[in-house]
Each structure stands twice: as C-alpha cells, then as structure tokens.
Amino acid sequence: MSYRFGLDEWFVVELARTVHDSEVVFHGFGSPCATVAMHLAKRTHAPSALLIEGAMYAVNPYPAFIPPTSNDHSLKQGAVYSMRFEEAFDMSVRGEVDHMFLSGIQIDSFGNTNVTAIGPMPTPKVKLGGGGGGCNMSATIRRLTLWTTNHRPGRCLVEKCDFVTDLGHSTREGTRLDLGYTGGGPQALITELGVFDFPEGRARLRALFPDVTRREVAEATGFDYQEAPDLGPLERPARSQIEHIRTIDPLSVRRSEFRPAELERTFPL
Amino acid sequence: MGIHLGSDKPSDLQTAVAMIPPGSMVALGGGLSARLPMALVREVIRAGIGDLHVVGSAHSIDVDMLAAAGLISVCEESYVGYEQDLGLAPAFRRAAQKGDLEARESCCDTILTQLRAAEMGLSFLPVHGVKGTDIESLHPEYGRITCPFTDHEYVVVPPLSPDVALIHAPIGDRQGNLHIEQPYVLDERFAVASAQVIATVDRIVSTREVVEAGIVIPFYRVSALVEVPFGAHPTSCYPGYAYDRNHLSAWVTAAGTPEGAGDYLRNYVTGVDEAGYRRRIGPERLEHLTGYQASEETWMEIFR
Amino acid sequence: MGIHLGSDKPSDLQTAVAMIPPGSMVALGGGLSARLPMALVREVIRAGIGDLHVVGSAHSIDVDMLAAAGLISVCEESYVGYEQDLGLAPAFRRAAQKGDLEARESCCDTILTQLRAAEMGLSFLPVHGVKGTDIESLHPEYGRITCPFTDHEYVVVPPLSPDVALIHAPIGDRQGNLHIEQPYVLDERFAVASAQVIATVDRIVSTREVVEAGIVIPFYRVSALVEVPFGAHPTSCYPGYAYDRNHLSAWVTAAGTPEGAGDYLRNYVTGVDEAGYRRRIGPERLEHLTGYQASEETWMEIFR
Amino acid sequence: MSYRFGLDEWFVVELARTVHDSEVVFHGFGSPCATVAMHLAKRTHAPSALLIEGAMYAVNPYPAFIPPTSNDHSLKQGAVYSMRFEEAFDMSVRGEVDHMFLSGIQIDSFGNTNVTAIGPMPTPKVKLGGGGGGCNMSATIRRLTLWTTNHRPGRCLVEKCDFVTDLGHSTREGTRLDLGYTGGGPQALITELGVFDFPEGRARLRALFPDVTRREVAEATGFDYQEAPDLGPLERPARSQIEHIRTIDPLSVRRSEFRPAELERTFPL
C-alpha cells in the first residue's frame, strides 16, 4: 500500500510554509493546527525562528506531544525561558513579532475576522468565545496568517462580518494606513479548500488542494475574489514533513479542527 | 491597591468569600485550563454572591459555572470557552444570548493596559489597536486621545481596579507569600491592582519553601489565604496536577441544558463542601492527575 | 527593540564596543556602587568613543570616568555621585560646571516611564510629578496632556530607546542568557528598550546553571557577550564580590583634579587591558572582595 | 561616668519618631541617618511598618550592619522579598507609600528641596548629585520627612531654592492642590538644630535640641518662620533606642552626615 497522508497533515504543512526562518512567530490559544505548524517549521525549514508558544509564552520549547489545551505545561518542556504575559504582549504591540496565526468564525475579503458573536450584540444568536489578544495584536504584528477549517459549509468566508473582532486590511474606519497601524495585516488565508493571498488588501485565490475545484471554492465563498493568474494545485508536502507532524502531535489534536468528512480526504505522496 | 499587613487574615473559605459584596468587580486569576480559582468560585456559588462584574483574560469553566449559577451581570473577559477541544462555554453562551449577562468582551492586551494604569496610578493609558474594531462599540468608557508628539490618535482606556482578585497558587506561607509557576497570566497584575486579594493554595508550606520556589505575589498583597488541596480542579495547578479533561468534558455536556447545569451544581458545588467535592471526584482520579511526572507517555495519556 | 538570534555574537571587548558609534545614546546598567558595566566603560575609554548621550538612574564612577575622559556630551541620569560616603562626582561635576557636558538631569521614575513607553511601543506616556519642579525646564522634549476622563493635566514624556545598553551580569551562557541578582535596577527595561545590548559577565557558564539561577535577560535581547572576570570592579557584582570602597575612594581623590584623573586613566585604563587592570588592582585585593561570604563580620570589615 | 549619647544618635531618633506603625516607609539612597532611623523604628515602636530598603527595594530586611553605600546586598539580608525597581516606583507614585525621607542641599520654607545645582543651570557654580526619584515621588507619597545636617552654616534653609528638584507644599506653578497632586508633602523638617513642622504648608519651628537657642536657629535660617506656641526642647531618647542604633549601625555610617563639630555634641541620658 502506498504512503498516504491526511488533509489535516497537508493543512498543517500549508500553515508551516508561511513561517520564515529567523522570524518571531506566535500563535494564541485554541489553535492546534497552528501550534503543530509552528513546531513543524522550527524542526524543518525555520530552525532559527523564535517560537513563542501560545498561552505558555515559552520561547523555543520542544514538547514531546501537543495537549488538547494551549495552557498545559507540557508545551513549555525544553524551553529555557518563558516570557511574562506583559513581555509577550508588549513585544507584539511594539512590532517585534513578525508573524501571528489567527483564525475566525467569520472572515471577510479584507481579512477582518469575527470570533465574538453571530448576530447583533448585545444579545446575539450565538455568543462565540472571544478574541483573546487579537484586537490589539492584529493592529501591530507585522504579518498575519489567517486560517479556517470551515470554508466548505459556506458560512465562514462572508461578505461582511457580523462583528469585527480583529483587524484585516480595511474596516469601517478606513485602511490600516488611515488608522495609523504599523502591522502589515493578513498575508495569507488558508482553508481546507485552498489558499488565498492579499495582494492589494483583498483576498485572492492563489492555490487549491488537488481534490478541490474552483467551483467548489466559489460556492463556499460569500465574497467576490480574484484568482491568481497562475492559480493551480498546492505543492505536495515532503514525506519528512508528514513524519514530523506525526511525531510532534501523537495525540492528533490537530484533527479536532476538522469536520469528519474532511478528515476522510487523504492523499498519496 | 491594597496593602495587607495584618496577621489576622481569614483562612477559611466561608469567611474569605464573605469579603465579596454582591455587585463586586471580581478578577479571576489563571487562564483557560490552568490555575483557575475553582474552590473560590464554588464557594462564591455556595454563598450565592451575585451581580458580579468578572474581569480576566481567556477563561473557561470559572466564568461558565458562575454564569450557570446566574451570578454574573457583566463579563469583561477576552475569551470564555474550552478552545478547539471542547468548544463554546454552554452556560455563558446561553446567558449572553438571553441577555442575562452583558458580554462586555475585551482583549487581553486592553485588560493588561487597564490594570497597568491602575498599577501606575494613571487615570488613562493608550492602547495600540481596538480602533476600527467593533470591540470599541462595547465599551463606551473608552476614549480617544491624540499624542502631543506624533499626532497619532489612540484609543485610551481607564484604569481597572477590581474590588477583589481570586487567585489560586500551588504553595504559599501563612503570611500570604505565594509562589506560582509560569505562565503567571495576569495574576501579578491583579494582585497589585485589586483592593483585596483572596488566595487559595494547594498547600501551606514554610516561608523558606516559598522563597526557594520564588515569591511571585508578596504577603502584603494578600488579604485572605485558605489552604484547599486541589483548589484549581478540574483545571491544572502545576507542579501539582494536570487538568482533568474528562471532568471538564462532563461539565460541558451537563451545562448544555439549564437542567443539566443545575444537576451538576447540586452534585458538585452546593450540595457539598470542598472536602465533599474531592470525595465526589474521587481520590484515585485526583491521584491520577498528579501522576503526570512519571513519564511523557503518562502525561500524554492523561489527556487521551 | 532588537531581537538578536544570531550565533555569531561578538565575544571580545574590542569588537563589542566597536558596535557603538560616536554620538550614541548609551544606557548604563546597574546603579550606584553595584553592577556598573565598568569593563565596558573602560573599553569605551580605550576606544575613545565620544559625544555620548548617557542615560540611567543613579550612577557613580561609570559616568564620572566617562566624563573625565571627555566622552559625554549629554548626561541624562537621575543622580551621579558617591552618596554621603564619598560625596560628589568630581569629574562629572567639573564637566557640568564648565559646560563640557549638558547635565540633562532626570528622575528615576521618568526614565523608567520613558523606557516603558519604548517597551510598550507608545509614542508618549504621562508621569506623576515633574510638573512644578525645575527638572521640567531641562527637558524641552517633554509635553503636557489633559486626561480625557479626569481633566487632570499630566507632564508627558516621549519614549527612550537607547542605541546600546551596557550591562554587566555575574553569569551568562554562550547564547547570551543572563542571570543577575536583585536589584535589577533598570537592566531589564534597558535590555528591551535598546537597539543593541552589550553584556559582560564575570563567568560564562552552562545554560543549565543560568536557568537554575534564573534567566533575567533572555539571549535574544543580547547582541554581544564578553566574559570579563571582575568586570564590574570597583563596584560590586553579587554573589561574586563586594564593592571596593578603597579603590572608589582613591578614584574620587585622584579625580579631584584633571591631572589626577588623567594619571588614573593612564594607570588603570588606557595603559592596560582588562587583564592588566586586574593585575594592577592585585589578585589579593580582588580575592578580599569575594570573601564577604565568610561571615557578617568579614563582610562589614571590607567596608571599614 | 554617666551614660552619654551623641547628636547623631539623637538625630536618628528624631527621624525614627516620624515613622508610624503599620505604614509603608521608604528612603532613597545616600541617606545613612534615614536608613538607620527606619530600622530603629521597625525594631522599636513600629514593628508592623512595611519597610522598603532604599536602593535594594528589599521588604523588611534585618541587616547585621549598615554599609556606607545604599546599594549593597548586606542591606537585603533577612528580607524574603525584594521588589523590582518598577514595583517600588509604581507603589510610590500611585500613593501606596505612606512616608518617605528626603534630604536637600537647599530647602525653602514651603519644603521645596534642591539637590540639583547651586547657581543657575546649565553651567552652575556647583553641580550637585541629583534627585534620584524625588521629582515624581515627592508629588505622590502621602507624607515626607525632610532632613538636613547642615542647617548651622546658614546656606541650607534658604528663602528660595536655586533649583526646585523635589516638591514641597507650593512652587511657582501653585500649590499641590493647584497641581492636582495626591501626596501630602513635607510634614516635618529635622535639622541638627531642631525640628520644624508645616501646619499651613510653611515651616514652623516646633522644638529644639537642648543645647541650641532660638537665636542660633534664627541666625542659621534664610527664611522667615513662625514658632509653635509650645516651642521647647525635644524629648530625650530612651536608652534602648540608643542601644538599638549602635547595634544597627556598628560602622557608624550615620556619623558621615555630620560635620566634626556637631559630632562633638553629646548628651547625658
């Protein structure tokens, strides 16, 4: 039988590919795929990245496994230094953090995200969890990578967010430039269908998973978008990347982000 | 914002939570699945202290359970839920959606900035973001200011001085010197910015032991200190014990309906004291959570 | 304001101080008689790097010696001197009185606030006092602001981001993780707010040893690391050695005249390297300063 | 031979008498008499005071001796906790510190102090050391005790300070109330000749050392002042206070604050 890997693994590889070597990279909490991706990048193409581990604020840890919560001490194993809360936040808001992963229950074409509520506040239809540190950090961190594993049902990529928790490229008060923000905003949006970039501050479809059609993406997406001239399939992961993922995440917590149908998608190497 | 030099600090849960008048602004220490002040939360529910304005960063069962008990009027946290693993907080969500509580959602960094304003004795501080988001619309108390040097317009926030902070630590001495392990989350900031600090510790130990581990919150910040073994359960309190994912999961399932939440509260909170709570959880289960140190494999298996 | 991840950090004094262009704003770590970065100060004097804007809290021989060497153009410290014991700083005083340097005197808390502004990435922060004092008249860069919530008028200060911070620590590892003992004074703040951090340590040790003692400044803040035994002499660097009151006293006497200061500098700085400096001081004397741990009586006698 | 004690010892006792029990009390650096006085108060009438030890920021230490510098680790012996720099300053400026000792090379009748320069800046006749944290802390700490051991030569208590480093009750921009300051300002001024209080924000002579005359004080003082109706000699120290001082300060660093002639003044118990 040939070597196969799952969508969850390829998805993590796509997140990891957005990490540059020698950058300062951070994710928040409740982000298993981003957590695994950061460690994958650090163990492969970005060994000199400064990795700040989510809710632990541990610097360059080497955990033996990824637990189902972001706030477990197993995540700081191997780190010789952990930041104080304020140290991590100051670093982010003064612009020293190069890259953050950010998810959204709703995401619009500017890359604004909503994790606060579906339907109007103060008594929404669904009160979501909330934004953590996003509404300040999204203004200042140099580069944001957005992701969602809920593109297909058609309710995530929306024309307009019911509520803007974190900043994309432009909101009702104007662009980042108008607002005087130093961060560069979203550079990529990765979904279980494909990858968008933001060449002019608007989402543009850049690549697809090989089992996904342009039409499926169009049907699932609530906003208009351009397609990249060289739109095509994503580059396949290397076997070593897949192996690293399985080593990093033996509990497969990354899979908790996906609906069961998506987890059935597997690919030959 | 309180200096507590007395040698008569309350040392039992009932007396300690009696220091919290209804309507208080209550800061919750710890975060997510770690070091939440659960014994104090349960005691507040037993005492039925309501109309609370809770503040904190990213929290879970503490807020959810207080919401289930109907004790929260304003929730000013940056996140309430169980992350990807167990999802949204059922009781908190229900209360927010019905308007039983005001979800005055904030941001970790904004809360930090407001606590720093209190700590620094300043009547305002600027934040970096917020402007342009809808979070600002939930906070009429925020303002705007123009920097006199750069003309940049900032959102400014007032100081946040909670009436009381509830903090759980693994160890402390009788005077109230507390050691906690990183991440401290906002506990240091809460301890300074709050008028009262009610602390529980898993173990009261000698001053020497706290000094060797490192005093993170000094005695003069602490107004009450109670020893409650497993006082953070079902969340973790390292180096003592890992979080009880199974129990959190059982709560989340139960809290899916008001009736289920009510049953849980009767079984695990109002119908028992803390010794009774530990008996309900069972000594084998608690022992299991302390066993994480045996090996990475053991640690991992606790979460499977 | 600098992240230094490289594995090629300079590790000798000459290369390290070559990172400081003339005209730099230089933050001085430690304070008064403790943990002043004296080996770096001496190397700066050997290299003759001038037109410096020095910033810090309460300092002594570091500023005084740089002033004697004519290398300071602006001195923005809260205090320069030898306390009640040895009095005013002769060379600094002479330079200030002649107008050879600008004594832009500041306040510990104002400097702290300006470093925090840099740390927090803010273009201004309010301070509590200053208004009504003549310190404000020395700082045209300060402003005023009215709080949008209370109408209170504050003096506001701009961020302070030194070009380079000079810090001495008892131990560090090769990556640049540093341990220092309390009081940290402004060293943590300088390490974050400065573009470059040049550190000396009495001993380079294993990472494990620094972790066990406690990392106070993490490796990614440090751009150069040099091992210099007794690098803080004649000031103290606990737990290694007490300050050398006799030597400080000899300097203060010598520095009473420009000629005396010149002789001292030739003897102890420009005419020798650091190994030569230690030989000049003498191994017995240095050994004596490390002997403070023997007993309280011994410790006290070092200062008699 | 009868038991005698020196002016330096009585002076320290007068400083110590301004310390209340259960208050938070702080001195800066370069203040041997204030250091000794704080420890004397803590070991006698103010056992529950929270003592913050000068430049060490150590809480309630019990040093075996007082070193000639304020920044020596011998001063934190016995303390289980030391504040960070910012912790001590924040505590002061937000009004949690009840009491601070403050000295001045010049002091005016409002209690303004100058430790910056004699003669006009920027090129003064004498550049003094500087004010440390005083120009913020003097605005916010609840109560200040001023002291000088240089009253007699007549150049310390002046009509007008050449430079105001630290705030008294009123400066060129108005009173503390006008300035919106929360601290209560100087409550006492202790000199080697006697003790002043500030009943209406102006120095008033309240008591004298028994070997000093009202005329000597008047001659040494550069500003006009009222005298308290019950002006009289200071209350003598108790023998136990003197013994404590000698135990606390075996190196006699307190004596470094006095001119030799003043040290010749001794008193019988």
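Each chain carries a letter (A, B, C and D) given by its place in the written order, and its residues are counted from 1.
To be clear about the criterion, a residue touches a chain if its C-beta (ideal position, glycine included) is under 8 Å from a C-beta of that chain, and two chains touch if they have at least 3 such contacts.
Computed from a predicted structure; not experimentally measured.
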Comparing A-C with C-D, the busier interface by C-beta pairs is C-D
Approximately how many whole Å separate the CA-defined centres of chain A and chain B?
28
Could you work out how far the Cα centre of chain A sits from that of chain C, in whole Å?
43
When the centre of a chain is set as the mean of its C-alpha atoms, what distance in Å lies between chain A and chain D?
59
Residue ranges of chain D touching at least 2 other chains are 93, 140
Chain C residues counted as touching two or more neighbouring chains:
121, 128, 152
Taking the touch definition from the header, please name the shape of the chain graph: line, ring, star, complete or other.
other
Pairs of chains found to touch, sorted by chain label:
A-B, A-C, B-C, B-D, C-D
So, in the complex, the side of chain B touching chain D is made of residues 1, 3, 5, 118-121, 177, 192, 207, 210-211, 215, 218-220
Contact footprint of chain C on chain B as seen in their complex:
121-126, 128, 143-145, 147-150, 152, 154, 156, 158, 214
Interfacial residue positions of chain A with respect to chain C in the complex
22, 24, 48, 50, 59, 80-81, 87, 90, 93-96, 140
Interfacial residue positions of chain A with respect to chain B in the complex:
29-32, 55-58, 64-65, 67-74, 76-77, 82, 84-86, 89, 92-93, 116-117, 121-140, 163-167, 171-174, 179-181, 250-251, 253, 256-257
Complex contacts: residues of chain B adjacent to chain A
31-34, 57-58, 77-81, 83-85, 88-89, 92-93, 96-99, 102-103, 105, 107-110, 112, 116, 127-135, 137-138, 152-153, 181-186, 188-189, 236, 238-239, 242-243, 245, 292, 296, 299-300, 303-304
